[in-house]
Amino acid sequence: MSLDAVLVVAAALFAVGLYGALSQQVVVMVMMGLELMVNGVLLAAAGFWWFMAPAPSGQVLLLVVLAAMTVEMAMGFAVATLLHRRRQTDMTDMAEDLSR
Amino acid sequence: MEASMRMLPALLLPEIIVFIGALAVLLGGSFLPRRRQWIARIVAALALLAATAAAVSAMFEPAQTAFSGTFAVDTATGMARIVTAVATLLVLGVASGEIAASPRESDTYALLLFAATGVMVLAGASDLLVLIAGFLLASIPLYGIVGLAGGRSGAEAALKTYLMGALSGILLMLGVTVLYALAGGPGYALLGETLPDAPGAAVGAGVLGVLAGLLFKAGGVPFHFWVPDASQGTGGTAATFLTTVPKVGALVAVYRLVDTVSTGEDTLLFVAAILATASMFLGNLAAFWQTDPRRLLGWSTVAQVGFLLVPVAAAGRSGLALPSLLFYLAAYAVTNVAAFAVTAALPRHQELAAYRGLVRARPGLALALLVALLGLVGTPPLAVFVGKLTTATAAWDGGYGWLALAVMLNSLLSLFYYLRWFAPVFARPHQGAMGFPQPGGAASWPAATAGVAAVASLALGLLAGPLWAALEGPLAM
Amino acid sequence: MLSLIVFLPLAVAAVLAAAPAIGPTVGRWIWVAVSAAELVLVGVVWAGYEDPGPSGLAFEERVPWIPGVNSSYHVGVDGLSLPLLAMTAVVFLACAVYALRDSDRPRVQAALFLFLQGVSLGLFVAADLILFFVFFDLSIVGMYFVIAGWGHGNAARSALKFFLYTFLGSLALLLGFIGLYVAAEPHTFDIPELVAAAPLEGSTFTGGLVLAAVLVGLAVKTPTVPFHTWLPPAHTDAPALGSAVLAGVLLKMGTYGFVRIAMPMLPDAWRAWAWVIVVIGIISVLYGAFVALAQTDLKRMIAYTSVNHMGYIVLALGAVGLLADDAAQARSVAVTGAMVQMVSHGLITAALFLLAGVMQDRSGTYDMGSYGGLAAPAPRYAALFAVGAFASLGLPGFSGFIAEFQIFAGSIALAPVTAVALLGILVTAALFLRALQRVFTGPVEGRSPGFADLRPRELWSVGPLLGLSLLIGVLPRFLLEVIEPAASALATLVRS
Amino acid sequence: MVAAIVFWGLAVVAVAAGVAVFVVDSMARATYALAVSFIAVGALIILLQQSYLGVITILMMVMEMAVMAVYMVMFMGMNPALMPMDMTHGKKTAIGASTGVFVLLASGALLIPWPERRGVPPEDLTNALGLEIMGEKMLVMAVVGPVMVATIVAGVVLAAGRTRYDRLGDDLRRRPADDPQPGGIGR
Amino acid sequence: MTAVQAALLTLVLLPAAVGVLLALVRGAERVAAPAAVVTAGLTTALACVVAPARPSLVLPFMVGADFSLAVDALAALVVPAVAAVTFLVLVFAAGNIRESRGRFHGLMLIFAAAALATATAASIPALLFAWELMGATSYALIGFWWRDTDRVGAGLTAFVTTRTGDLGLYVAAGAALAGGAGMALADLPAATDPWRHVIAAGILVAALGKAAQLPFSFWLSGAMKGPSPVSALLHSAAMVAMGGYLLLRVEPLLAATGWAGPVAAWIGVVTAVLMGAVALAQRELKQLLAASTVAQMGFVVLAAGVGSVSGGAAHLVAHASTKALLFLAAGAWLTALGTGELAGLRGVGHRWRVVGVAATVGALALAGIAPLSLWATKDAVLAAALVASPWLYAAGLVAAALSAAYAAKVLWTIWRRGLREEAEEGGTGEVGVLERAPLVVLAAGAAVLGVLALPPISGTLAGALGGHGEAALTELLVSAGIALVVLLAMFRWRAPGPRWARQWLWLEHTAHAVVVRPALALARALARFDDRVIDRAALAAARAVAVAARAAAHVDDRVLDSGVEATAAAADAAGRSAARLDDAGVDGAVEGLAGRVRRLGEVARRPQTGAVHQYLLQAVAVLAVGVLAWSVYAVMG
């Protein structure tokens, strides 16, 4: 276990999440992708904290990231609901009226 | 050191006032009958006025930091607070016509105030963690504001805003994580000390990640995509707000970050210059053939972010950089509000061509629009002119002469599409064209707001001198 | 005093624009009254003017504006600006008189023209680059509305082209100003201070770039070839008053910028690029003249002669920067000639455009082929037009001769090759005479029958302009005495 | 050695579960896969000596996934267990982009000469965290509070189609409230 | 200002002022003729006053370029002549001109004033001022009957052609300024080299243009379309004569350069010969006289070239009288008979005896018959020419013979029997007393003014002006003999009419072919160029930018495109819509620079596909590229 290893795993999680965010049509699935990206960030933050700067503020960072993830997801559900209510869809591809 | 360790919560008085105002509007609003929600509006306005007063009085204090150096209270923060509060106040003016007595009126005001609080926090943050928190506080209510209005397209706008925001928030956190690791802590003072010795590539990744989040808030390239869509899709109030207020905090934050990180190394300045150029060109060119006035304005704000990023490229190199940024922010805010307010006053006119002959039916509104658009072009002596002049000067002074050239070139490009809008306004109306609503009624609030903002835009330009004197102060670290 | 001159029309314009209650007749007369008052005020300034010495300013006023960038509301006059100030006042008064019968939104028109008058006068008294730019840009905006609002033909398009093109120029100019500001130590936008500081002295490259930016900006406004293409459509589609002001006053802003900004502040670069400027001047002269010769539309023709006439100015000012030993007098003569040409062209071209407006007024076309023998139904019109044409082609007895004689005497003394441009005055003569022949002589045909002769208001607007040109042509001393000291100071500055 | 084995094991689980999110053919399974991935990461965080945060992560994510599952059943109007799905777009580009980003990040992680560790971890991590929150980083948490409030407000107003005026009338005096599904305390 | 200086100023200003008044004030028709005559009379008197007093006057004008007027010996001789001829011509015109009298007399007075100013000008600005004014007035006078387009066209030709020469004066002014000797005409020889040569060349060209010497001669042919009094004044004392006069005035300068004198001399003598032939070929009286004027002026130019100022001045004055006489006579017949064709003038001498006799005196003088004036004056010039070069002298003799020949042609016509009884349509059939009286005076002048070139006056004149005192007796006899022989020979064997010279050597055709038509073609080409090229050059630049942008976008697509198809479709649609816009020219207002940038606008909008996942993709891609670039930069340094 080393910093490099942790970071590579984090990068993999991040990349997988990015794939999901880019490829999924259903809003909730996109959100899952984003969550995976946050997952990667979390892991990276934890790795950085332990291997490079084990100060208390690093733990606060983790906490903030967790909180951010939570609130963003909450908003995601709300937006998905809104979309569903107003447009009867849960897919991003069904919301492409505004362009150019 | 001792001073910076203290909490000094009183220094955050404006933020606290706005937040408490938001809570008051939220809770009080739930007891108000639908048609008497104007009371909530008044409460919100009072909170903003009080915050403005507090911010102004704080401007007379020397620059200092609060909460152990995590929040800077200096000229930049002060000016950002004032602009945020005043611009939000003007947005309330627009809202008074558009969403008065709608079921979500008071909720919207509460969200506006929450977001304004977040913008202020963003502007003053001198700690990466506070920056994240401020980003969230500024973003999350914004999704609500965008989604509340606009029906079908409003939902789409909210979705796009949300997804862009979530992604950029993640990138922001990634960047913060990297920078934290490199510096060993999230405080700006620490960043400034340690980053110059850190591996350049890692610093780059971190800084660009943080910039990604801030650019989303500012609506700059490459995180601008949501801006035109949201401006067009949502309601007038929300469009006015989202193109005006978040930029204030975001750009001050960008400046703070760049100023902190770029000591002794100018890659970041160059990046800022590139981003500025990209925003200017993309925003202006894309605005060329828009037919929806609000979408056009949305693109124009993308371009304006480019102009606003110009002084960032001169951070630390020119004494003009910070004052010109702050001045431009103030000028931009009032001018942009004026333009959006005109569209809010004519909600049914969603084509540029529909504005034909406006000057005969509504000369006042036409004049306000003219001032706003000429202002955005940068015609003297309107305020944005002074902003453009000083930012371009700062860029040149800071060693980026070509950026000044880009500013001029883009002003020319922008003239073209603004002309596409206001040329019909002054032309003879076609037979059988859609008429214009008579003055009065609900739409008189946005019209009046447009007038006030236009006058403010002119006054800011003419009275640039005294204001400028107030802007020349160092950043607190 | 100068502030009063600048802000009186602006204030009245604001009142006129804001008060729909003011009737059309009252509006028109207010316009005339204010323009007359302006002329009187300028007359008072002229009477009280004493030469302030090299790079000094008379009637100086200064109030800080944006102290952060050392920009202030700074105004003053000297021998370079006073004649233009007076010319502007005269041209605008003539326009006001000419418009006494116009019925198309007279109140707004009056407001717009008073606004334009204010900014034009303001530009000529500005002693701060930013203030200069403010007025420069506002003149474009004002003129845009004049063309778009009162023009005919394809006015919207011409106005758009005008706006975009000249705005491009103004931005280039602003870029140059910023360059000057950045280069000056301490940083400032104040014109006298910049002249004293002579920034970019010795730095050929940056100096050249800044000069290029300033030159492009001014060249568009002047306009010189190849930046002139906005001019013909703008003139063709503009109303008579708009053309008169555009050609009479607004074009001078470009050449005035040369003598006020480019030459004194960047003498090094000016010298280095003098040949280019001379060549551009020569090309403008010849090109403008030849293209004018081929026109069939009277107004377009006059527009192109503006390119030609303004080319003389560029030519003379360029020649001043050329290397020639011990030719101080020739330099001074060339600058003086250029200044006189600005005044002269303002008066004469304004008169010609007003006269062309009569044509549009009566029969709706400027096409020269549509007329013939016009001197028969409209002898006064013919006479006045002939006088204007001869004045414009530089006949002695009119101001144009005083200008062109000095321009050529000075330029040829400095650079004999400029004699090539003499061809311009020949072609100009030919084209004006051809136009006279086509329109006014021969059998009465086309739209000429029934063409009403000049009305008093037209006579009294055009007549004084040509009269002044005649006065300057015969008794030039009163004008030259104001210009010469400043011109020789400038000439010394450029090549000390 | 044991730590390394555990680490790699968890890492493989985390990433594999992450991949599974987008491979499985129903949303419900995707949700479970995501939960697994998070639990693995939480465990990794514990492995990195931050037990408190690791536990929090696991708890929160499990909760969140539960919410997500419920949510899908309630709002998406589809049977999550049975619905086979391939609702993707631009798959190839997405794979390219994410691969590129992975290469970029991983090579950064491997190639960048990360600085030496600065300082040592405090004795009692959780205590230090608490002190930090109540001390130097108080403002962060002070702002996160309003963020929560704002989230609740914004989330509710977006998600709820009906407003208090729909329930209680324009003057808020209608009693009982007009709810599609009456209920609540005291009703 | 002394009284004489005032008189000098009045001499110039009086006719000018009265002229302007007459021309501009409506209702001056009735008083115009008397007022003009009185003014001219006063002017003549003033001329006689200032001639002996020799005043000079310097008015400040421009820096280094004063407006100076002076009466020196040369001017003292010429100014009264100009004034007197003007007076006489105006008297004639009072009887001859019957329409638009205000305009006519006004312009004539201005013309005369300009000529007087030219004659008295002592500095280049003053000279140029008067010089150009003279040209412009000549335009107005030649085109006096403006309803006939060709007359106006002739005026145009005259003005433009002479102005071509005038450009020389502008050059001379510049050179004088550079030459350091100031702009006073008398100081010009002191200018430094090479400026002195430039000045001389400039003045030479200007003078040749006005004097209608080769190759400018053709304008004078068209100038005949003006009223006869105009021709009389223009040819005799005013414009054309002033060309020769200027060369006499700057003779020291010509001499100082070394080359200008011979050039002038040769141009003069060649003109005299060729234009003599042209005159001989003409079939219309006024055309003949016009060519003769050019030829005679050739002698004056020759005089200036060989330094015989006194001879040239004498010839100028004598010629003024002679030619005014002949033109007035021609004008009288033209008015009376409505034709100027020689064929139509057969025997007019019999019908109007006074006119006929006076014209005969003039024609004989023109022929160089002793002892009439031109015989002596011409020989004074030729004597100097002989000193310079025998070839010049020989050519001069040929020219003299030719003048005798065409004079004979005139005489033969007017005294030949067989006048048609009826005047042609348009003729008045009568010659009034006002028209006859001046002829008598002028005839006297033509007869006796030769004394100026004969001892003892010639000596005095040569002393004052410079030049050779007198011609040798043999030379006088030779030329008198030649004139007589030619005259008689012509009577005996009808005058030949060389066909090649009838069209004025095709000078005007040549000028049209070589100068005018190419100039107009150039003008049209440039105008087309202006409309089609310059106006769009800026657009081309913009288009280049657009192409670059499209190329960039193309690369962009490759790198980050999620849907190549979508982009291609978008590009296609954009291109089609742009093309549609182009074709239909819908958005007309939007052409110009901006019109081409629209493509850029389309390109800029392409990324905004509306699909949010593509937004995310692009944002991430740009960021990734940014990070990569930064890293590379950081590693590379």
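Each chain carries a letter (A, B, C, D and E) given by its place in the written order, and its residues are counted from 1.
What we mean here is this: a contact is a pair of C-beta atoms (placed from the backbone, for glycine too) under 8 Å apart; a residue touches a chain by one contact, two chains touch by 3 or more.
A quick map from chain label to UniProt name: A = NADH-quinone oxidoreductase subunit K.
Just so it is clear, the model here is predicted, and its values are computed rather than measured.
Chemist: Keeping to the contact definition above, tell me which chains border both chain A and chain E.
Modeler: Common contact partners of chain A and chain E, which must touch each of the two, are B, D.
Chemist: With a step meaning a move to a chain it touches, how many steps does the shortest path from chain A to chain B take?
Modeler: Each step joins two touching chains, and the minimum needed here is 1.
Chemist: If you tally contacting C-beta pairs for every chain pair, which pair wins?
Modeler: Chains A-D share more contact pairs than any other pair.
Chemist: Whose Cα centre is nearest the centre of all Cα atoms in view?
Modeler: It is chain C that sits nearest the middle.
Chemist: What is the chain whose Cα centroid lies farthest from the Cα centroid of chain A?
Modeler: E
Chemist: Name the chain whose C-alpha centroid is farthest from the C-alpha centroid of chain D.
Modeler: E
Chemist: Using the average of all C-alpha atoms in each chain as its centre, how far is it in Å between chain C and chain D?
Modeler: 70
Chemist: Could you put a whole-Å number on the gap between the CA centroids of chain B and chain E?
Modeler: From the centre of chain B to the centre of chain E is 71 Å.
Chemist: Take the average of all CA coordinates in chain B, do the same for chain D, and state the distance between these two points in whole angstrom.
Modeler: 30
Chemist: Mind checking the centre-to-centre distance between chain D and chain E? Centres are C-alpha means, answer in whole Å.
Modeler: Using C-alpha averages as centres, the distance is 96 Å.
Chemist: At least two other chains touched by the same residue of chain D: list those residues.
Modeler: If we look for residues of chain D contacting two or more partner chains, we find 89-90, 93-94, 97, 101, 108, 114-115, 118-119, 136-137, 140, 144, 147, 151, 154-155, 158.
Chemist: Enumerate the residues of chain A that touch no fewer than two other chains.
Modeler: As it turns out, chain A has residues touching two or more other chains at 14, 18, 21-25, 30, 49, 52-53, 55, 57, 60, 64, 67, 71, 75, 78-79, 82, 85, 92-93, 95-99.
Chemist: Would you please write down the residue numbers of chain E that are in contact with two or more other chains?
Modeler: Residues 562, 589-590, 594, 605, 608, 610-613, 616-617, 620, 627, 631 of chain E touch two or more partner chains.
Chemist: Hey, which chains are touching each other here?
Modeler: Per the contact definition above, the touching pairs are A-B, A-D, A-E, B-C, B-D, B-E, C-E, D-E.
Chemist: Mind pulling up the chain D residues that touch chain B in the complex?
Modeler: Residues 108, 111-115, 118-119, 135-140, 142-144, 146-147, 149-151, 153-155, 157-158, 163-166, 170-172 of chain D touch chain B in their complex.
Chemist: For chain A, which residues are in contact with chain D within the complex?
Modeler: Touching chain D from chain A are residues 1, 3-20, 22-26, 28-29, 32-33, 35-36, 39, 42-43, 46-47, 49-57, 59-60, 62-64, 66-67, 70-71, 73-75, 77-82, 84-85, 90-91, 93.
Chemist: Report the residues of chain C in contact with chain B in the complex, numbered from low to high.
Modeler: 64-69, 130, 133-134, 137-138, 141, 145, 148-149, 156, 159-160, 163-164, 167-168, 171-172, 174-175, 178-179, 181-182, 187, 209
Chemist: Sort out for me which residues of chain A touch chain E in the complex.
Modeler: Residue list for chain A touching chain E: 18, 21-25, 30, 92-93, 95-100.
Chemist: Note which residues of chain C are touching chain E in the complex, please.
Modeler: It comes out as residues 154, 156-157, 160-161, 164-165, 168, 225-226, 228-229, 287, 290-295, 324, 327, 329-330, 332-333, 336, 373, 375-376, 383, 390, 395-397, 401-402, 404-406, 408-414, 416, 418-419, 422-423, 425-427, 429-430, 433-434, 436-437, 440-443, 476-477, 480, 484, 488.
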